[in-house]
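Both of the next two complexes hold subunit A, though its partner changes from subunit B to subunit C.
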Partner chain A sequence: MLVWTRRSRLLLWLAFGVLFGVVIAAPLAMVGLAAVAGTWNGVLPAEYTTGHLADAVSGDALASALVSVQTGLIASLAAVVCGAWAALAARSAPAPVRRVVDTVLHLPVAVPSVVVGLSLLVAFSQPPFLLNGTRWIVLVAHLVIVLPFGYGVVSAALDRADPVLADVAASLGASPARVLLRVRLPLLLPALSAAASLALALSMGEVGATIMLYPPDWRTLPVSVFAQTDRGEVFLASASTAVLLGLTLVGLLTLGAARGRAAER
Partner chain B sequence: MTAPAVELRGVSVHFGRTVALRELDLVVGRGEALALLGPSGSGKSTALKAVAGFVRPHSGRVLLSGVDVTDAPPHRRGLGVVVQNYALFPHMRVADNVAFGLRARRMPRREVEQRVTEVLAMVGMADYRRRYPRELSGGQQQRVAIARALAIRPPVLLLDEPLSALDAALREEMLAELLRLRRELPDTAMVYVTHDQGEALALADRVAVMRDARLVEVGPTAQLYHRPRAEFTASFLGAANLLPVELVAAAPEGSDGSDGTVRADGLATVRLAGAELRAEPTGPLPAGTPVALGVRPHRVEVRADAGLPARLLGVQWRGTGFRLELELDDGSRLRADVSTVDGLPAVGERVGVSIPDGCPLVPAGAGA
Partner chain C sequence: MTAVAAPVAATAPRERERRRWAPLLWLAPPMLVVLGFFCYPLALVVRQSLVSESGEVGLAVWRHVVTSPEFTAALGRTVLLSVGATAGCVLLGTFLALVLAFTPFPGARVVSRVVDAVLAFPSFLIALSFTFLYGSAGVLNAALGGGAGGPVDFLYGPWGVLLAEVTFYTPFVMRPVLAAFAQVPSAQLDVAASLGARPWRVLRQVVLPEAWPALASGTCLTLLMTMNEFGIVLFVGAKDVITLPMLVHTKGIVTFDYPAACVVAVVNVVLSVALYTVHRWVFRVLGTNRAGEGRAGAGLDPA
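Then we have the complex of A and B:
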């Protein structure tokens, strides 16, 4: 503990409380209240209802929620697999190759997601890679956006990993595949889980690229929220956002529990 | 004739522009224990890694039991490896760690169980098979690492500074344990990398002294200790004082060295700080070669009033005795280990130093 006096600790907690309250808790509270608001003309809603939440888990809104969950799971799984693969491959490559891979895989972070969407539209609107108008282009966009985080987290974990473990495993007669499956990947589980959490959260909230690319049968929940807000259905949009938050939270808690179990060993 | 367990033929290892090992030739016989001894950066661990297949030689060949394995990956070499930080798999229990190599060989489950029980009993860890590595002490982890390496019954066991992460008491205990294992496994060759001469002397049949990526000298342990041929060996293995001396006469006494060389067939006469001493050349010493006398600190006698005149520069108490820092009248400095300082004058005063006959005489700068 760097702060020793009670007064200083209280001041710090207060500063943290204000910051947390303004930046995170207040917007979330507003979304929560709006999701159950019947009418809202004053500081707080005048009436409360569960009707918006019921609408948010039925019909088109429910379909969008399911699309978001599927997109998030597929994109995060693909990001973890591709990111781990790239990180492991880069580790055994010569230093210049590794630097190039590092740079290329981190580039999408610096590009606005709208630009990612536009680039994919240009790239995949003509044969032989005609993905425009299909759900695949949305999945590819999400993968491009979350892959750098999957790669970065696994790469950082590999930097801390002891390379001697793999050497010793090989000396005991384990083939490279066995070393990967029995030694390297199990040791990377906490990092893989963290990468999946980050990728899932990012994918669930992605709207910039998706709104440029989504086909009618693959509309994600953030796109629906955007459309609802655009139509002035603010309470329904809030209820849909609450559903989105709930689904993301369940996913993150599940991955967090897996990470906890892996880290305990 | 049986092929040696390990043979290195002109093995060089480069890391980028750095030469980590330079043209190493080395042979380890079946059942033999060879210590690779040297300071940090001497190339001893790199040599071991070249044998294990962890690094690829830039040039030269590595042979195991006469078979060229230079291009073979580690998992096709069948060696047991124990490293300094134990390298136990943290996500596996002790029994699974030990069984890892056996399962990789697809050994039947019952035999795996039997072998794991056997080797864990051998290293005294039978009661810890359900524990995770993090639940073990350093010494226990090292025992498990040794058990894991021995479980596959390798013809060669490679040990890379296996005791250096342990505290002094545990190190002693594990050294005794390794000696016991040596007796129990007479057919297993052992390559033991260490910077600790005590471990090398205790465990090895032969010692290879390394420095700056090169092999300085290799030979039977006692020979290297008592009759080092290189100045570096004398100083590193036994911490000898290296005193520059003048070669007066060849051996045996009476020969005048008129053929221009000094024969290594007996004791030679050398002059140190004006006094003549008898020393044992450990190899041919061509006339005119600068030579150094290797005198181990415990062989130096220090008295108040007799011997080579010297000045006492300092005294360190080391529990079991004292280490004295001395300076002879010709400016040479030396260390002496004595059991008592009773009767000796104070620091800064004059004392007498006696050096016994028969100390090794080596070419100055050899192996440097």
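Then we have the complex of A and C:
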């Protein structure tokens, strides 16, 4: 529409194809290819194998994958509950309080994950709050990192939501609890599911805080991938990354399906 | 949770008191989580940075760390990398978004799905894939016939990290810019073109003003994220690419020098909160001028 002649349009597409292909598509394709590569000395792998993928879903790698899934589910569930709770409660608070809450809950976005890790190490390494060395410190770190997204998404949805429905329900005599459970939360379901998706994706790929905090019995998949890369097992690392992406995708699709059903109602 | 029907005069004073405090009480549980697990630890980081290992309180650790060459090098490298990567992302992202939005081609939808998917990926994935693409035994070196130790050797240095960050964060610029471009009615472009405006002029005077808030807030956000990027730097593992988050990690985990790590952490947080404040400000000021862009500019908003 912007470019009218055929020649210039083709040139533009060519430039787009080259830039997009080289900068974005090629790196993404590489991991997939490496996950199934047997030996790779030329431009393309010389032979293909599913051995690395099999290794990535057995033994230590499998244990790591399960840890990642549990961490992702717990952290995103906690973040959505906590974030939605805060967003709903802030609605009825006075404006200055609401502004403070909004700022504080968004703030973890602006703090590097490594610093979140360090701060938890500093705060929870001695009694009375001894969390260091347990899995709880990893879960707490993930919660802190994904919480702003849980809060932000639900809060933005509340900004757009029509308050009249809840008011009507209340004026017809529904108790606050009933208004919340039967009117406000159902209306928020799509936002809750979107918040959970974002939190899950972030938590599954989190590496900065986790690498500062993880105890030996709670090593998430990204940390394991780093250990594999460090040992030079790059194909296994690629296979583990592919497993990580697959698990994330399954989670996102499930949540997306829930969102679709919620929107239909 | 607001009471609509109850007339205020009829409620007892105690009831009124309860109404006033109830919202604040409801806010307490989530706020306790944030204060206990985020604000309190951060405050302890600041305190720890003021206490030396021998227990003296003062600016001794600060003076020592801030004047150390490794800190100044890390600070300079972090700023350079983040500005460079952001410039690359904004240029590339705007160009790709322009082509996708205004000269669509068969398969453009697939491309936008790929862009969306990258947003859900961990950043270390890019660093890992770069090993296969540009590593010493990678595809490019094999294609150029070098074999191991071939002619392409930029990966384990600042350029490798820069390119990896451009690859990973370009979609973060494209997403809000694409959303802003979608707000431009195509009739407007056709009218401008039919009145004789050349494509470059249509771009400058019709399209870009519409996308400016999304671009500005996307730029701030990318600066923030590239400054705090850790996964890519860790996985590339270049010896001479030490950024602030990397320095926090080394000081905290490798040498267990908590006070020094805390100093670096405080500097990093101050820089990044400043950028975040600018982002929020840009978002508010520019975003309120036009309807619809508030959401487009959010960038991290997935809905």
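In this section, the second predicted complex is superposed on the first by the 240 of 265 C-alpha atoms of A that agree within 3 Å, B and C clash if a C-alpha of one lies under 4 Å from a C-alpha of the other, contacts with A are read in each partner's own complex, and residues count from 1 in each chain.
The criterion applied here is as follows: a residue touches a chain if its C-beta (ideal position, glycine included) is under 8 Å from a C-beta of that chain, and two chains touch if they have at least 3 such contacts.
As the structure is a computational prediction, the values presented were derived from the model and not from experiment.
Student: Looking at the overlay, what does A:182 touch: subunit B (first), subunit C (second), both, or neither?
Tutor: Touch partner of A:182: subunit B, not subunit C.
Student: Looking at A:170 after the superposition, I want to know if it touches subunit B, subunit C, both of them or none. Which is it: first, second, both, neither?
Tutor: A:170: touches subunit B and subunit C.
Student: Is subunit A touched at more residues by subunit B or by subunit C?
Tutor: C
Student: So in the superposed three-chain picture, is A:24 touching just subunit B, just subunit C, both, or none of them (first/second/both/neither)?
Tutor: The answer is second: A:24 touches subunit C but not subunit B.
Student: Contacts for A:74 in the overlay, against subunit B (first) and subunit C (second): which applies, first, second, both or neither?
Tutor: Touch status of A:74: no partner.
Student: Is A:162 touching the first partner subunit B, the second partner subunit C, both, or neither of them?
Tutor: A:162: touches subunit B, not subunit C.
Student: Do subunit B and subunit C land on any of the same subunit A residues, and which?
Tutor: 167, 170-171, 176, 179
Student: Along subunit A, where are the residues that touch subunit B in the complex?
Tutor: 162, 164-165, 167-176, 178-179, 182-183, 186-187, 262, 265
Student: How about subunit B: which of its residues touch subunit A in the complex?
Tutor: So the residues of subunit B in touch with subunit A come to 52-54, 73-75, 77-81, 83, 85, 87, 89-91, 100-101, 104-105, 132, 148-149, 152, 158.
Student: In their shared complex, at which residues does subunit C touch subunit A?
Tutor: Subunit C reaches subunit A through residues 1-5, 22-24, 26-27, 29-31, 33-35, 37-42, 44-45, 48, 92, 95-96, 98-100, 102-103, 105, 111, 114-115, 118-126, 128-133, 137, 139, 142-143, 147, 163, 166-167, 170-171, 186, 189-190, 193, 199, 202-203, 207, 224, 227-228, 230-231, 234-235, 237, 244-246, 248-249, 252-253, 258, 261-262, 265, 268-269, 272-273, 275-276, 280, 295, 298, 300-303.
Student: Sort out for me which residues of subunit A touch subunit C in the complex.
Tutor: Residues 1-4, 9, 12-13, 15-16, 19-20, 23-31, 33-34, 40-44, 82-83, 85-86, 88-94, 97, 101, 104-124, 140, 143-144, 147, 149, 152-153, 156-157, 167, 170-171, 176, 179-180, 190-191, 194, 197-198, 201, 204-208, 211-212, 222, 225-226, 229-230, 234, 237-238, 241, 244-245, 248-249, 252 of subunit A touch subunit C in their complex.
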